[in-house]
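A, B, C, D and E label the chains in the order they appear, each numbered from 1.
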Amino acid sequence: MSTITATAPPTASNSAGKLYRLGRIFGADGRTVVLPVDHGTMLGRVSGLEDPAALLETFLPLGPDGFLLGPGLAARTAPAFAHRNAPARLLTIDTYWRGEQSGEHVLMTSLAHAAALGVDAVKVLMPWDVPAEERAARAKLIGQVIIEAEPFGLPVMVEPIVLASPRPANATQIEADGARMAAELGADIIKVMTPDDPSLLSDWSRELGLPIVILGGPAGCTTDDLLETVQEAINAGARGITIGRKVWQRPVDEATELLVKLAQIVHPDR
Amino acid sequence: MSTITATAPPTASNSAGKLYRLGRIFGADGRTVVLPVDHGTMLGRVSGLEDPAALLETFLPLGPDGFLLGPGLAARTAPAFAHRNAPARLLTIDTYWRGEQSGEHVLMTSLAHAAALGVDAVKVLMPWDVPAEERAARAKLIGQVIIEAEPFGLPVMVEPIVLASPRPANATQIEADGARMAAELGADIIKVMTPDDPSLLSDWSRELGLPIVILGGPAGCTTDDLLETVQEAINAGARGITIGRKVWQRPVDEATELLVKLAQIVHPDR
Amino acid sequence: MSTITATAPPTASNSAGKLYRLGRIFGADGRTVVLPVDHGTMLGRVSGLEDPAALLETFLPLGPDGFLLGPGLAARTAPAFAHRNAPARLLTIDTYWRGEQSGEHVLMTSLAHAAALGVDAVKVLMPWDVPAEERAARAKLIGQVIIEAEPFGLPVMVEPIVLASPRPANATQIEADGARMAAELGADIIKVMTPDDPSLLSDWSRELGLPIVILGGPAGCTTDDLLETVQEAINAGARGITIGRKVWQRPVDEATELLVKLAQIVHPDR
Amino acid sequence: MSTITATAPPTASNSAGKLYRLGRIFGADGRTVVLPVDHGTMLGRVSGLEDPAALLETFLPLGPDGFLLGPGLAARTAPAFAHRNAPARLLTIDTYWRGEQSGEHVLMTSLAHAAALGVDAVKVLMPWDVPAEERAARAKLIGQVIIEAEPFGLPVMVEPIVLASPRPANATQIEADGARMAAELGADIIKVMTPDDPSLLSDWSRELGLPIVILGGPAGCTTDDLLETVQEAINAGARGITIGRKVWQRPVDEATELLVKLAQIVHPDR
Amino acid sequence: MSTITATAPPTASNSAGKLYRLGRIFGADGRTVVLPVDHGTMLGRVSGLEDPAALLETFLPLGPDGFLLGPGLAARTAPAFAHRNAPARLLTIDTYWRGEQSGEHVLMTSLAHAAALGVDAVKVLMPWDVPAEERAARAKLIGQVIIEAEPFGLPVMVEPIVLASPRPANATQIEADGARMAAELGADIIKVMTPDDPSLLSDWSRELGLPIVILGGPAGCTTDDLLETVQEAINAGARGITIGRKVWQRPVDEATELLVKLAQIVHPDR
């Protein structure tokens, strides 16, 4: 009996919409290659991403599963996605700025605007190596985003992250705590750094009941190291990657080759 | 210079969303083959469409550009569309009932629910062979739909139609008047019956500045007649078809073959 | 691997709530015995139901899966349901009055009040042997109920029905059309009269993708006839019964025995 | 005369709903065993609760009266509660973070989402060993929760607590003050630590006119000590327990045995 | 075929309104000369602009493309613009005050009032050499302005600026980062200081996909220097100028002559 003619579990329109959108992000193998080009929303005119629309156009033909981008770029590049085989779009809706004493986390746009743009998910940061009071503020904001996204059927990707550099010894523990908090708040996708022991990804996936995608972070490792890290993460249960700077902060030819190899690791059967 | 890096006309997020969604409905050639399976919203358990989810599943592999369907079916069949190569979905949001003295036109669902479902457009009927008072009521409802759809970036397909059977001598004139009214209200796509003189489609397209797709209507003509009519309409400037009963009120094999031929007429270069 | 630790499909809080509530109505076998005692909302002080709270108390120990009741009775009898093994409650929220020329269909209470009461579903009538204009009004009202119920996670039971007596020859066809319309509007449960050919229930269940429960209607058949009808309906795929007058318009002992037998037919493995 | 046919005090739908939900939490003996698994909303990936869904599944068959859990876990585990004999669910809707200078107390989700999920109560913390300004802020937030919960018929459990460690000499006095404040704000259930003199529970219960359940706190006592403490609390009038870490931060077999014994103390006649 | 009768890209009313208004600001050559007279909103009774209405009246006959002015002046001088060939008006809606420790950025008026005035755009400052926490606050405010301006079809001009004096070595880099952030937030026009290397304007224009106009800043350079700077900026791709003090903080005759020369540089073919 086919899946769609069988009596399905009861659904609401927003839940059906969420299912539809998540299916556009994750391929038939349940995995995804997302190329983030949203760095201007925090890093400004970052090296290698000076012209995000041009970069997007360069990498579109490689067929990543999705792009992560900010509101302005999403509106400007809508024509490039205005066909049925286009990658998914995940919208970064927040910006976070860390001062000496404290950090401020705000939304750049509204969930209603995200829905109007027709993106497939929204994404928010969750800095978690922050003072207790800020954790409360982060949890409140992310909880509100999740509540407001729900009637629009928009999935929410949350990125629990340790921002301190160098990373403290307990960074993985902090990010594990943040991931749990994100799951408790109702996140749909977790974006996180691969822990030193990648097998933790397997534990976290089971425990959280959510797809986990791994981030890249600043450039600076060899392509071989990156490929190995990603392979380990995928082996350990990661459902995909959102790696930007480590890809496009290289010469275009090298970046292209690297993205193709990463896609092969994530989607070996494609 | 590439399209997306060139300085684009200024845009708003809802306008970008409309452009994105229309690009999902109309192919690279600017044309579309939409298979309507929304008849249950007015005709009930109509012959040939008793099991709309099964029918949808039968025709999905043929790759039509889109399906036209009602809210319940859209929620139920979301999994079948939850991947990036899936056809577009246009949501019928109204239902119209004609009594002896008057007709009533109401919405079945809200624009917010259409947005939550993630459909690419909404569609409303515009019965126009009606008394003056009803024309006002129709115009009011359709105008409201267009206003409410705008912040969601949802395109609106309007179908001006003469419901009387047999069609009166001035049916084409009435539908031309209705199409004009729909354009004045702000419609994005016109769905209309092919006029007796198909070259009028060319005039209407130019005059309205909108894509026109032609409807099928009740079954009852030969496949050759249908193919000829569609070819003439496309030659005259129609941007596509939304033909249901004339397709699926046939044996499946015949219907499949017919849909393939129709797609070849609409998309000769695909 | 257990169902709840496996990675589940993405969900929204209202969808999770709907799933939770439907699971309280339908047993582990996917079937339900609902005893309706809501007749006062249309029939007034109907024979056998003069004291609905007393009647409810009489039948509670028999352990039906649920009761169908109106807002006042639901508030008054809340203590009887204030324990974890209590039957589900489905709330009748509308009332319909048929005049000589037309009928009026209105809500008695709001979805917010239904949610406050803690009921597991709401139920609305869908008279469908009505003039065309009224069908529009019915569809509009039921569509609004479904839209408003959605954020509360409340399932909606819709009852397409031919009210004319005696039933016209095409009554089953009209109810099939109404059931389709209800499904298009987004109903979660269909309540309908068993068609003369019960095997249609199998077709309808598959086609609508929804659980169908059968109604009883006025008293007046033998218990054997009723049991046979219900057995046929269950055999044909009905997911349960909502039979009131045919049960409680009998002496209590007879009614009790009948309800037990009906439950055995619906839940043979319980 | 039966309880439900007697002339009851006039009721509103939300009051009836509150009564209904409280009856689902407290058994026929007016007592409850609630297993809290909501610690991820403040403690992150806490030891013993790394996989809260799995833990929940382990303890479900033991039949506690309820679980206390966060929004994400409640949505994810809805299927496990989607039957009539399932335990009640109490939803933790807030998160509190204590910094060096001050603490921040925020809501993770909305009352509307709690209602949509179909939970039987919401629960908020009330840190009361805090500076005066913070007491005002705590009172304001809890007062708002109680106000907003009311139209949904959702009972509110409030937990007045001294967070300082080690506990100051006047900890019980502070918690007594907090419990009184919670009662003044309109709380429905008080969750509190057993005072050194358990007989105070009897006084508090009478004075507040509210059911009091006792909390467990961090692991670290023997099972015998725990059982004795609980027995004393129940003897003194406690209406139940919400003990988590002291139960599940043990080997599963030991935890299971302990929970069974605790249930026997709370419900000796069950 | 003419552009306006050809099938246009789909549009929404607010997007059409934005296009209309931008077309009023930028001439047929895509460039604009805007004379700012809004300095009272931050500088008070600034020298040379003591009587802004009189100054405005003086320069109106010279036919600049637009004036930048505050809400009070816009209301007061409406008669001067109440004809079809009048310059556009861009409304400064915010005011920024820098203290020793931090700055405060607030709106002086609402977007609704801007729409009521009939202005062609609104303008906000974006101080970007500020502490991290303030960048978050600036981004939040500007993001809100852009969101609120959108349904009114009002273009938003954003001015990323380094306020420190003397300008730090990395001032251009900071303004480039701010311009990127403004573009990500959805700005329609960027107002910025000409970088030391004017050719960066060409890069920025391409990268941001937005028109860039250059600001003047305090008086104090020779007319020749100013003309040269503007010529270089225009050569490098600037779409116009918004230069006030460097123009009107001179004797009227000199200022008039200067404005004429600036207009000739911006619009050589006019």
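Just so it is clear, a residue touches a chain if its C-beta (ideal position, glycine included) is under 8 Å from a C-beta of that chain, and two chains touch if they have at least 3 such contacts.
Here the structure is a predicted model, which is why all the values come from computation and not from measurement.
Any chain bridging chain A and chain C, meaning touching each of them, is among B, D; the list is complete. Between chain A and chain D the centroid-to-centroid distance comes to 35 Å (mean Cα coordinates, whole Å). Chain C and chain E have CA centres that are 64 Å apart.
Inter-chain centre distance (chain B to chain D, centres taken as mean C-alpha positions): 54 Å. Across the assembly, chain C contributes 5, 8, 11-14, 19, 22, 150-151, 153, 186, 206, 209 as residues in contact with two or more other chains.
Taken chain by chain, the contacts fit none of the simple shapes, being neither an open path, a ring, a star, nor a full set of pairwise contacts. Residues 131-137, 139-140, 143, 146-147, 150, 173, 176-187, 203, 206-207, 209 of chain C touch chain B in their complex.
Against chain A, in their complex, chain D makes its touches with residues 38, 40-41, 43-45, 50-54, 70-73, 75-76, 95-100, 102-110, 113. Interface residues of chain B, counted against chain E in their complex, comprise 5-15, 18-19, 22, 150-151, 153, 155, 186, 188, 205-206, 209-211. If you check the complex, the residues on chain B that touch chain A are 2-5, 8, 11-14, 16-17, 19-24, 27-28, 51, 53-54, 56-57, 65, 71, 74-88, 109, 112-113, 115-118, 151-153.
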